[in-house]
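What follows is chain A paired twice: with chain B in the first complex and chain C in the second.
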Partner chain A sequence: MNKTALRMEDSHAGPVCILSIGGRIDSGNAADLLDRLNGLLAAGEKTILLDLKEVLYLTSAAFRVLLVATDEAERNAARVALCGLAGQVRELFEMGGLLEAFTIHGSREDALNRL
Partner chain B sequence: MSLPQTTHIVIRNDIADLAAVTSAMERVGAEYDMPKTPLFQLQVALDEMVSNVIKYAWPEGGAHDIEIRITARDEGVEVEIIDDGRMFDPRDAPKRDKPLPGERPQPGGVGVQMTRHLVDRIDYARIGSRNHTTLTKLCALGPTAASGEQT
Partner chain C sequence: MTRPPGLLYSVDDTPPWAVLVVASLQQVAVMSNSLTYPIILAREAGLSATHMLDFVSLSMLTLGIATVLLCARSRFIGCGYLCPAGYTQIYLGPSLFAVKIGGLALAYGMIIVAGFLQLAMAPMLRRMRALLPSEIAGLVIAIVGLSLASLGLQYGLGITDRSGFEPKHLAIAGVSLVTMIVLNIWTKGYAKMFCVLIGVSVGYVASAAFGLLDITPLLPEDGLGILRLPSVEYISWHFDFTLLAPFAVVAVATTLRAMGDIANAERLNDNEWVRPRFGPLAGGVAANGLASILCGIAGTTGLNTYSAAVGLSGATGITSRVVGYGAGVAFALLSLVPAAAVGFAALPAPVIGASMFFSSAFVFIAGLQMITARLLDSRKTIVIGLSFAMAVMADVYHDLFTHVPLVLQPIFDNGLVLGTVCAVLLNLIMRIGVRQRVTMKLDAGHVNRDTIERFLTEQGGRWGARREIISRAIFGVVQVLEVVGDVPEGTVVEASFDEFNLDVRVKYKGAPLIIPERKPTPREIIASEEGERLLAGYLLRQSADRINCKAFGNVAEVQLHYDH
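== the complex of A and B ==
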């Protein structure tokens, strides 16, 4: 296991399920993220907050997963929001033209106040 | 160590093999003290280009090799991707349309668009029956380059 490998850990803050993600999200592991998100939705989670603060970088494979999961959430009357987009990661969302495609909050605290 | 130095790997057209490309790039980055930001940018671009080859180069399927040559130079790092799939010049890929208001963007084409932003140069040549796609990321290498950077 190396230090850039994808890490995922979920926790709860009231009704919000927080999935903290670290490392890289790329074509090789994006399916693991989708499995995890689908698992949370299948388990009945209605509000999932993805905290990307520890993410080193992500590729368009990650965007694809986030778009698919957002659609899947809508079908389940649930929602997915993002927070913790730091410098490099935010720039990648900008480059992909995807900042407007998601509900994005600043810090985790901001997000929890608004969700 | 005097530059240029080339690391050469061959993978199969299987998305699971991308991990080997990522690790090879990580090793080169560490060995030549490539600063984190350009290293991560090149990792993203490389993932986009190689995953495109894996997904689209051989519509008829079958097992194929993809050759990757990572060269550390004084002025930066160059990655050449060689495949014998159908001709594809990433420089010709159409620009993405902006999604209509209220419409979610479609994922297609995002990778090439990001790659254009992430590297300093994309070169392409069709040599014989092979695509040679070269990504160049300019950056200073060496201990001073890596240590002077914010993480």
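== the complex of A and C ==
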């Protein structure tokens, strides 16, 4: 399997829906991520935690999808949070000045304790 | 320079007096392990007890001066970091050989020659950088770590041949080593800072209890005075240019080890360390050369930076260069006290073994970290892997290598020298066919991210580029292509590299990109694709160290520069 291809897998921890994402997120697959997030919101999920621990990097298209999904969640009285930002992924959030635009937790365990 | 979180006193800090004194004595305790090598040389040369005392005292004096020279921060001499000196096994083989054919005088003379060769190499290090890249310095450090572990085990278990070990040695070394580890891992403050000194002291007491502390062979017939100036009357010097080749190899090997140790000392003080700076390297290697000349003049064996002492500074979080000055001055003063010379010379083998074994872990891991910070393709893997294997083989098949021609014996006699020589030669050979500038054409409709990633990753491996910089370049190219879109005429990606720069150019037919200075707001990014383009440009500007967009006729070019 191509380790840079986008991988998504959802699971539940109590009321929190965890979407584990791996690989690269760019304009070629950002729409797939948006579809998946919209699907979860449409299914009535109220708290979605995106675990980005396995993400290699993400481009501007991916950032836009994450912002759009967060905005959409807020309009549906739901919330989207992020965790597992490390290395280059965290640097890209910092470079884009986007750390403040999201609810970000350190590890998955940390996020589940707080959500 | 970013201070690592676990560091208690960094290179420019001056610790409080009490900490400074004890930390310096702790370095003295670790450095004194290296006195084993000159003592082996003196025993082989059959020195009397009185001359042995002079010899040990002079070895301590030069060790002290060398440590001050190495740690000094000046323009030409010294690396400016806590990088103490230590006698090295690298000199031992060729020196013993010189003693066999011409006595100690020939060994001293050739040590002076090796020192001059090293001194001459120092200003040329910058020009030799392609031949001595970071991963090879890392390899040298890793091999030093391994040889420290091997020696530590040998001393710690009292192994004199391969038939077995001494239970008393095992007990003493075990108590000493466990003390060091427990204090280092599960305590804080002074206990952690001085774990090795405490461990050595515990080992010394245990050795006395087990009856392994015997100073009588070291006592001169006329007894020990309180203070004593060591005599230099018995020292003379001879030169034999047939021994030039092995001592030239010694100069190269000690230079590489010094480079690795200085790089490690720099890395311990900087969380964002990427490569050694040539100023400290040249100053440190010059100081090492000068110190070895002094050793030859003062009648002792050659020395090198002491990896175990650098490892100790990492383990305890005290990397202040003032500690180096303290240790140097302490050694110089103690060289005038005969009782101290006897005390160091009598340091029980299991205690030496325990502290060597403890330090080896930190030295070995520091070497591995330096190696793995680089992308390693098949060529680099062969250079590092085979050289490491040869270093291990030199010890495993030591008897077999005694049959190599005499002139090559100093190389094959020592794992560190053999591994280093292999790495330098293999690196030279593997450079054949590696282009420093490469180009990839992406046809219209085939802008495949995997292809770009593979291209830059493989090329980065051939160049031995840093993993992190190649990842940033991959992001940059993918982000540029995302903004440029699928150009009907296709796109060309060109990358060039030297040890300090990675430059990537993306060429396409169309209008040049406009890179915004302003950061778009989240609202702007959500509102339209134009907001996303603004973010793309802003991310590109932030992620590259320099970005330029130019047009040549109808061809546009995005130039991404990354400092390496």
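Simple rule for what comes next: the second predicted complex is superposed on the first by the 114 of 115 C-alpha atoms of A that agree within 3 Å, B and C clash if a C-alpha of one lies under 4 Å from a C-alpha of the other, contacts with A are read in each partner's own complex, and residues count from 1 in each chain.
Simple rule for what comes next: a residue touches a chain if its C-beta (ideal position, glycine included) is under 8 Å from a C-beta of that chain, and two chains touch if they have at least 3 such contacts.
Computed from a predicted structure; not experimentally measured.
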| request: State whether chain B and chain C clash or fit side by side on chain A once the two structures are superposed. | output: clash
| said: With both complexes superposed on chain A, which partner does A:98 reach: first (chain B), second (chain C), both or neither? | reply: both
| query | Once the shared chain is lined up, is A:60 touching chain B (first), chain C (second), both, or neither of them? | reply | both
| message | If we overlay the two complexes on their shared chain A, which of chain B and chain C does A:109 touch? Say first, second, both or neither. | response | neither
| task | For chain A, give the residues common to its interface with chain B and its interface with chain C. | result | 2, 4, 24, 26-28, 56-57, 59-61, 63-64, 67, 71, 88, 92, 95-98, 101
| task | Using the touch rule from the top, collect the residues of chain A that touch chain B in their complex. | result | 2, 4, 24, 26-28, 56-61, 63-64, 67, 70-71, 88, 92, 95-98, 101
| task | Quick one: which bits of chain C touch chain A in the complex? Just the residue numbers, please. | result | 449-450, 453, 468, 471-472, 474-475, 478-479, 482-483, 519, 522, 525-526, 529, 531-533, 535-536, 538-539, 542-543
| query | What residues of chain A sit close enough to touch chain C in their complex? | reply | 2, 4, 24, 26-28, 56-57, 59-61, 63-64, 67-68, 71, 88, 91-92, 95-98, 101
| field | Contact set on chain B toward chain A in their complex | value | 15-16, 18-19, 22-23, 26, 37, 40-41, 43-44, 47-48, 50-51, 54, 96, 98-99, 104-105, 107, 110-111, 113-114, 117-118
